[in-house]
Amino acid sequence: MEKLILRRVDNAGEEMLLNFGPQHPSTHGVINFLVDTDGEVMKKAIPDIGYLHRALEKIGESTGYPGFMPYTDRIDYVAAMFANEGYAIAVEKLLKVEVPPRAQWLRAISCELCRIASHLVSTGTMASDIGATTPLVHALRERETVNDLLEALCGARLTYNYHRIGGVAFDLPEGWRDRVLKFLDHFDTMLVEWDRLITFNSIYIKRLANVAVITKTQAIDYGLVGPNLRGSGMDWDVRRDVPYGAYPHFKFEVPVGRGSRGTVGDAFDRYYVRVLEMMESSKIVRQALESMPEGEIIAKVPRKVKPEAGEAFSRVESARGEMAYYVVSDGTEKAYRVRARTGSFTAMGIIEDISPGLMVADLVALIASIDVVAPEIDR
Amino acid sequence: MPKETVEQYFGNVTETVQSFWHGLSITLSYLLRRPITTQYPDRTELPVRDMLPPRYRGFLEVDPDICTGCQACERACPISCIQINLEKDSANPKLRVVTQFDIDEAKCMFCGLCVEPCPTGAIQHTREFEGSQRSVRNLTLRWADPENPFPVYKVAKGAEYYPRAPLGSLVRAKLEARRWDAPGPEFLPPDPTATAKKPAGPKAAAAKPAPAKVAEAKPAEVVQAAAQAVPPAEAVSAAVPAKADGASAAPAAAPAPAPASTVNPGDGQPA
Amino acid sequence: MTVNEIHERLKAQFGEAVGPLSEPKIDAFVVVSGHKIVDVARFLKETPGLELDHCNDLTALDWPARNVIEVVYHLFSYGHRHGIVLKVEADRANPVVPSVEGVWKAANWLERECYDMFGVTFTGHPDLRRLLLPDDWQGFPLRKDYQEAGGYHGIPNTRENPLVELRRLDEKRRAERPPPPPPPPAATSNPPAAPAAPAKA
Amino acid sequence: MPVNYPPAPKFTPRWMIAVTLAAMVGIPALILGAVLLATPLLQPAVIDAALGFGPYTSPWARDLAYAVAALLLALLMVNFGAIFSGAISWYERRVAGRIQSRIGPNRAGFLGFFVWIADAVKMILKEDLVPADADALLFRAAPYFVLVGFACTFVVLPFGHSLVVADLDVGIFYVTSVTALTVVGILISGWSSNSKWALFGGMRSAAQVISYEIPAGLAIFVPVAMAGTLSMQGLIRAQGGFPWEWFIFRNPAALVAFFVLFTSQLAEANRTPFDLPEAESELVAGYLSEYSGFRFALFFLCEWGNIWVLSAIATTLFLGGWQIPGITAAQIDAVRGAGVVPSLAWWSWNALSMAIFVAKTLVLCNVVVWLRWTLPRIRVDQMMNLCWKYLVPVAFGCLVFTLFWQVGVGARPQLEVITGCVLFVFAVVLAFLFGRRVRLNIQAVQGDKFDLSNW
């Protein structure tokens, strides 16, 4: 880093080195960008991450298997449910445990609600970064309801720790189903209003369309996942294409960026894919609530989780894209290695190569549109 | 900027007018809808803790009256924020007493993993969450009095429920007994000899009454198995009308809201 | 295509450089010799029918007992929906592995992270700097023998443990107090009252 | 938890409601009453008559009297600006809260009305920080440039029929020139802070304000061409009390010019969607980044006060100003009487005209606030694009059209009447459709309904 700064000093006067972060309103956490600007136009934005590194992978080697579950909440605290699920699936693979159907349905419901909550934050902060604060508060208002629901389900609003190895911790509370359906009825109409309020606002479109275009090949090459990948026109969703849990039983569409307002893969596409995904999640939750099987909510798992030596890799479709866990066991009670591969991490890697030629204001749109969450980058 | 056609030029204008028309009408309409926020905390209908769902994971509470001293919670805690010490009662060698049951609420991450293995439901999350303290040391709640240790609870065979104090009452009493700006306890200066021992800290200390611990482990697991067979505590407490204070206090593994004797509506908050 | 078929293709192409498919305990993997990894990667990505275009994950495992660091590649193909896990073993004392950054751009950051955490040097990487940790960090934290330095530039990374400290306080108080014979019966007679009294800090 | 202060009361006490309501009504009434009394009475002619100054009076005595009067008026106007900007800061936060399903400030006084006073007190008590490497003199001076540019506009802003500090012949021209001082202040603050963010903000502001002076100036020429004067009072007197007699409806080009002017003025006042100089999500706080305490407060005083200025100018130029429907300005002049102090009827008409002017201006202030909480921020190149590719040509077209229009109106005066009525009906229909849309919006979202509670 010092080397970089020194190099900049040489041509001082022509260019300006801007420390965009770590404390900056729109870096979505503690991230620093070394922005090399020529006036308003950027030469390059170099991400400097690690401010939120909490060595979770190292911690995973010292807590037992069940004990790491609350830590997964902290990997991506905006969408903690997926981190729970991914880790649980990986350990279940190691243990060769079959998850009861009801637990799988509960996982799907909780995850899709969590996806709605996460995308609301993402789209809301995006609007706020573009300068419209009202949509953010509207999004957070809806998210509060989702949080209330998840709180009633698992006792926490953010760090759910709901999934367990072999199932989930709690069954549905009384009256919860009706509350969810009532919320979804409201939410579906709210999304229509949301589109009219901000999505199709002409200033908003002008700010996002044709900005920070990531082509399909680039997206694949850089390992972008989830809505960022789909925003670039790649029709891929782990839930549909590498199905896990209860997802094969649900009918849903996978929204893909079509360049409706500009080029395929621009910031607007990535944003709009998220809006559409919220609608799909709402559909999935409805289907899941309808077809919910009866039965156990957790498989019989020994209290001392001690899988045989081996390694397992699990992939789930998190709100920020594919989240993969790579858990290696050496036959003891503690994992030999827990590795979380997160969507934000690889998404950050592309910023440096996309940024040249963008304006400073576009950097904000780019960061918001790839929806990075600092703890998920740093883990 | 690419070249614009005439249609694009005028299209921009009409699009702007249209989208502003919609956007402005929506924001205006919100002036006529009800805000969802409430003025916290003095204008809420109920005290906030009573509006939280029964599963809410707030401060941990231990009811020493029904604690079996099995240390399952201590083992389950991923961050070792619980420390339990068992000793033989000097007067009655058969009786074991808990001389230390400390929970570092400042370190606790409210994950709920300690609640699940508890055979009697002695350790539970409450809906208490307001406990700011000037000194972080004051956030270590001591459930056993070292001067006056409590004996472990013997689970009667075939016990259906355990007489737990109303959930939240104990922790609330503890929190209310201490001013928020009370000074924390003075710790001893660091022990130079302890540096080598420290990494093993809590475990080494806990392992002292080793024989007793091994003996204890067995019955505890039996009880745990029994506890798993019955429906989880949650379903029960959710069934009880959640409004009455301590409804969620229905102890773990109680098939009916049985220990209602302890559910005393009058002993909640005055509001 | 199954993992076996991919492995056969690899075997046919690279022969000795590609090890046997591991006994599939849960997820099977193939050990590839380090100097061939770029060729293998390019082959896997570019051969029609394989086209593993998605470098899903790249990380490492530290095995002090075997004195190796394994670099693990999780590869996947969007088009064909198949994948394979590759492993490259490197010497623990001086782990050097060729970089696959030229094959998958995603490997750029993943390799940097791997370098940061395990100290694996990826030759041919354009910008191999520490990623998550500060540039002047000592050691590679995810190695099994990593010892914490106890702080960073005078910033401590430990906090007093009140549980241990309180225990020490208790023990000191008890040692100071003369052992009284009468209290024990009293202690057993009124145990329920004990918890109600607020703990004296 | 036991804490060291008593718990907040469950309801706002009666006395607090009474005090707040008294302040809500009393403060504006007081300041507007002072304007109503002082502006006509502290004029040279009235002072001359009251103090018996004649041609033989010592010029020193006369100048002293004038200077005292000017000082009093200046004090009054600066206070008006400060109180207005404080009150609208509260109002804006309340409206923003409601728009965002929140309550907004609600602690200091009933409905949180005293929050702006609390803010001001807090700002004054805060440390006045000057960054170590900043150009201290310029850094300290910058807020005063902004304040002067803001305060000077009040010299010609009318409040009613005769309620204006000085009805300069070059009124509107004077306004456009003194507001340019604001940009000097912002530019200085951006440069002298020695912060990259502040520099960005200052530069953006300079580019923005200077560019938007051009469409604003061109749009101003439309009413000027219609009225044939630059004087603010003259512009209002050329209009009438009824909506179809306003400039905005009398000429289709003026309708367009109104929107051009309003947009440009938003940009000049750095209001959303043109809040680029202080874009908080991009530039942290732009040129304000390094300011604290009272200097920060001065910037914000001017920013919020500018809402009044821009609304008042738009009202003056296009919306008929203080014109009372059915009463012409000449009729009010006639009831003044010959005495030093005007007659009671004259005062009443003036009070009514002031009420009308304030009401119209507040409506526009609401629009400004409302726009801010609806729209995202435009990008800097788009801002330039909008100015040069849309607003300037349109404003120019409007001006040319107006020139021909005036020729036409000279030939056929009924043209203006017909257009006025048609456009007014058109506006009413639009307003009705908009109201319907608003109602549909509420009905469309499941579970939402018309509800004015929980303020």
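All chains are identified by letter, namely A, B, C and D, in their written order; residue positions are counted from 1 within each chain.
Heads up, the rule we're going with is that contacts are C-beta pairs under 8 Å (C-beta built on N, C-alpha and C of every residue); 3 or more make two chains touch, one makes a residue touch a chain.
Worth saying up front: this structure is predicted, and the values here are computed from it rather than measured.
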Identity of the most central chain, Cα criterion: A
Taking mean CA positions as centres, which chain lies farthest from chain C? D
How many angstrom lie between the centres of chain A and chain C, each centre taken as the mean Cα position? 22
When the centre of a chain is set as the mean of its C-alpha atoms, what distance in Å lies between chain A and chain B? 28
In whole angstrom, what separates the CA-based centres of chain C and chain D? 61
Centroid from C-alpha atoms only, then distance chain B to chain D, rounded to Å. What do you get? 54
Find every residue in chain C that makes contact with two or more other chains and list them. none
Touching at least 2 other chains, the residues of chain A are 134, 141, 193, 197-198, 201, 203
Touching two or more other chains - residue numbers and ranges from chain B: 12, 20, 22-23, 26-27, 36
Draw the chains as dots and join the ones that touch; what shape do you get: line, ring, star, complete or other? other
Interchain pairs in contact, sorted by label: A-B, A-C, A-D, B-C, B-D
Spell out the residues on chain B that touch chain A in their complex, using ranges where they run on. 12, 15-16, 18-20, 22-23, 26-27, 36, 52-57, 76-78, 109-113, 116-117, 125, 221, 224, 232, 234-235, 238-239
Under the touch definition given earlier, write down the residues of chain C that touch chain A in their complex. 25-27, 29, 53-57, 59, 61-62, 72, 74, 78, 81, 85, 104-106, 108-110, 113, 117, 129-135, 141-142
Can you list the chain B residues touching chain C in their complex? 62-65, 80-83, 85, 89-92, 95, 97, 99-100, 102, 104, 106, 136-138, 140-151, 170, 173-174, 177-178, 182, 184-185, 187-188, 191, 194, 198, 201-202, 205
Touching residues of chain A toward chain C in the complex: what are they? 1-2, 49-50, 53, 55, 57-58, 93-94, 96, 218, 220-223, 234, 236, 241-242, 308-313, 315, 322, 324, 326, 328, 336-337, 339, 341, 345-346, 348-350, 353, 378
Chain B - residues contacting chain D, complex: 1, 9, 12-13, 20-39, 42-43, 130-132, 175-176, 179-181
